[in-house]
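In what comes next, subunit A is part of two complexes: it sits with subunit B in the first one and with subunit C in the second one.
Up next is the complex of A and B:
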């Protein structure tokens, strides 16, 4: 194998592929990155692959091939090396059981891993549709904040993806908050109806890393066919992820349909004030909010500790309300809405509240909703 | 016991302890003994606990070191000159506190009236425990036996009608002793003692008493009460009169706010079956949670203690997202800690479950979760509490703890 490629092209491709390398490989070959230089449809291409049995990543870039071939080298080391190469043409060649990487006056010799031991990457499932890459990354980011991090409840560490015709609904919850986002997409089949539970962290990383192309193609294999798998492809990069098992909570029933109070607050001011006031809130002590006509009072801390209070302008329709939240959960929700004005809807101080952006038109409903459970101050 | 001719052996089945319901329990060379437990290589050798720096002082010395003349508050440099072979440990507060909590739990299993004076010392009022456990001497022997068997530590117990006599008695029978001062012998016991033995008599008062020619407690008892009140004022004078006659009406005050609530079990023979251990963790979790609810507390940190057959002990803790008083949650954390400790194949002598970081349940904020049922596990366990209150602690148990009966179908 021998090929030439520009340093930036190679470094980008290697860095992206290296994201899916396992931190602690269960078998040594999984620490490797597979490099395959070959001609495909008359174009000379290098395919780089990584796989940890959960997530696979593959990217293909254009190169000049002198001699086609396949090799497996340590992915971490290759990523470190390519990141630090000078901005010139890189030549990669095999020399017996070694791989030589040379660029300018620098030359590296790497040992290879046995290619024949490397597992076959999973097949990309069948294409189901496509979505704008920036919109998809933003939507996934809005939802991923509410996903659980506790591995003892694996179904809560995922983002539920529901496809109904030309609408995709993303949802996640850690039992304390729930984020739901709807977005339009272009399905291959307009009658498509499907659901999948995708690990939230992987989905968020993937969506963010696929914004180099205009669109992301989504490929979903039926969960009923056993091995559930979802694939994403965009800008020459493709990745597959195993789906999570387990029943996602029936979240739609949690969304309240009537409210006793609706408040609106300037988002940026609100976030700043929450951060300031919660400086005195020790771990697990809540931030208290009191909404009344024209104002919002934020308080934290109690009699025998440090205390803080701040007053903001706010509009309120309906009943006055006092309610307490975990300030980190509140900030996550406020940061996730895409409007300068936060709208908060309440029923009572022990029932979930909904945070949305203020819709552009009064009648429009928000496509992002963040439901947050309050903290009960005392029993 | 203190008999007509001084210290005499206790007759079996004595009823001399009638009216002596105060126990003063003092652990023997506590810090040094705990270090010897945790460091088997130090057993049978002189041990000193204290600061090891140039100005370090002795905090505790075991009885071997004491035979060389080492005692607490002595400069370490001097102690090591007296006893160069001693093994010195820097004080390990956390492990003494853990040992102390385990011991206090043993005391509290006999009576709730436990007044902890320091890490290694407590007063117990056993007047209410008589029906369940027998007289004060029987209780003291049972406590000493359990502390020795379960904690591998020795203690000395003074039994007397009053707190200050009980304390003097435990001092007189150290180490590893038991001394009863029957009501009728209190004055015989007290009167030969120097006046400094009286509670509240420090250097200054002692000097003043000696100037008046009063050297022993007996001298004070025979002195004119009015003279003592005149010389020392109403409060101190009155107290000297009362104490010298063996009168001390201070009650045993069990001051909780508990910082933690725990329970442990020493198996009658060592256990290496993980299923048995897990069942025991469940039983202890139930017990601890019941005590949390009874005292109106919730706690955030679950601690599991596992003691191997060779007495080496490990503790593992986990802080929960939310404070709890629910056995189900305590048990889930305890099981995980046990699994993560990697002792599933080891022979264990003791397991313990403890909940720390306690706060009053009524004042503790609680993050609500979606879909939480109004009546969840907490309410189910509260219902169990009510059943247990009426029909006894074993009337209702998790199914895993039920003893199967041959009549069961």
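Up next is the complex of A and C:
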């Protein structure tokens, strides 16, 4: 194998593929990154692959091939090396059981791992549809924040992806808050109905990293338990992830559809004030909010320790309400909405509240809802 | 693990210096790179040792072999001069199941520590993962009368777990500040033989209900 490629092209591709290298590989060969230089449809390409039996990643870049071939080298080491090469053309070649990477006057020799032992990457499932990459990354980001992190409740560590024709609904929850986002997309089959539970961290990382192309193609297969897999492709990069098993809670029933009070607050001020007042709220002690005509009073802390209070402007329609929240969960929701004005809808102080951004047009509904469970007012 | 019994001298060069004169000793070189030197007495402490990360370089000269063990981070060195080797064998031991903690076991420890009164009224936590020379004790706590209690937690409580707790208790009971220390063997499921051995040794057994423990959340209401 022998080929030449620009340093930046190689470094980006290796860095992206290295993200899916297992930190503690169950089998030593999985620490390797597969390099496959070949001519495909008249294009000379280098395919880099990594796999950890859950997530696979592959990227394809154009190179100048002198001799096609396949080799397997330590992925982490290759990523470190390519990141630090001088900004010149890189030449990669195999020399017996070693791989030589030369760039300018720097030369690295790496030992190879056995290519025959490397598992075959899973096949990309059939194309299901496509969505704008930036919109997708933003939507996933808004929802991933609410996913659970407790591995003993694995079905809550995923984001539920629900496809109904040209709408995709993303939902996640950790039992204390629930985030739901609706997104328009282009399905291959307009009558398609499908559901998948995708590990939240992987989906968030993938969506963020596929913004180099304009669109992300989504491919879903086998959503009936066990072998389910979802694939994403964009800008020459493709990745697959095994789906999670398990029943996602029936969350739609949790979203209240009528409210006793609706308040609106300037988002940026609100977040700053919550952070400030929460300085005196220790872990699990509540942040108290009191909404009344024209204002919101934030309070935290009890009589025998430090206390804090701050008053903000707010509009209120409906009943006055005093309610308390976990400040970190409240800040997560406020950060996720994409309007300058936060709209909060309440029923009572012991029932969940919904946070949304104020929509641009009065009667429009928000495509993002963050449901947050209040904590008891007295801790 | 490599076991070498040899006449050797040991020099430790680091923040202090130490010297062990030429004498027959047991040298252990383990899979994680650590090296320890033992005399034919005492049950748990080597005469000298080097913890990982460290590298071992063996060189030979006219007087015999020299092992230079260098610590990866601090640069401290242990220099073993080996004159006569009586025994040199290597054995693949593989990972030890007794020391690996899985997610549920770690969570069980967290939950029990948070709700230590599950063991009885008046119990208070001293600390989790209390370090001893032979490994960490899952939970060290005090009972309602102020006596010290060591808790060994397992998902499945079998005889090995009881033996492990017995070793910890022997060690802890030598510490004048802690003794008398009694043991509690806590698991989701305790095998009958383990229960018999524990009871015989005065160790009490507690069966833990993982779901109930998780349910005793500190009063935080949930969406579902």
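The rule is simple: the second predicted complex is superposed on the first by the 375 of 379 C-alpha atoms of A that agree within 3 Å, B and C clash if a C-alpha of one lies under 4 Å from a C-alpha of the other, contacts with A are read in each partner's own complex, and residues count from 1 in each chain.
The definition used in the following text is that contacts are C-beta pairs under 8 Å (C-beta built on N, C-alpha and C of every residue); 3 or more make two chains touch, one makes a residue touch a chain.
Keep in mind it's a predicted model, so treat the numbers as computed, not measured.
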{"item": "Room on subunit A for both subunit B and subunit C (clash or fit)", "value": "clash"}
{"item": "Touched partner set for A:324, first subunit B, second subunit C, both or neither", "value": "first"}
{"item": "Subunit B versus subunit C as contact partner of A:231, first or second or both or neither", "value": "neither"}
{"item": "Which superposed partner A:176 touches (first subunit B, second subunit C, both, neither)", "value": "both"}
{"item": "Subunit B versus subunit C as contact partner of A:377, first or second or both or neither", "value": "first"}
{"item": "First, second, both or neither for A:151, with subunit B first and subunit C second", "value": "second"}
{"item": "Listed stretches 98-106, 170-178 or 224-232 of subunit B, narrowed to the one that overlaps subunit C", "value": "98-106"}
{"item": "Set of subunit A residues, in rising order, touched by both subunit B and subunit C", "value": "173, 175-176, 178, 249, 254, 284, 326, 350, 352, 371, 373-376"}
{"item": "Partner subunit B, residues of subunit A touching it in the complex", "value": "173, 175-176, 178, 249, 251, 254, 284-286, 324, 326, 350, 352, 371, 373-379"}
{"item": "Of subunit C, residues touching subunit A in the complex", "value": "103-104, 107, 214, 218-224"}
{"item": "Touching residues (chain side subunit A, partner subunit C) in the complex", "value": "150-152, 173, 175-178, 249, 254, 284, 326, 350, 352, 371, 373-376"}
{"item": "Subunit A partner contacts - residues on subunit B that touch it in the complex", "value": "300, 322-323, 361-371"}
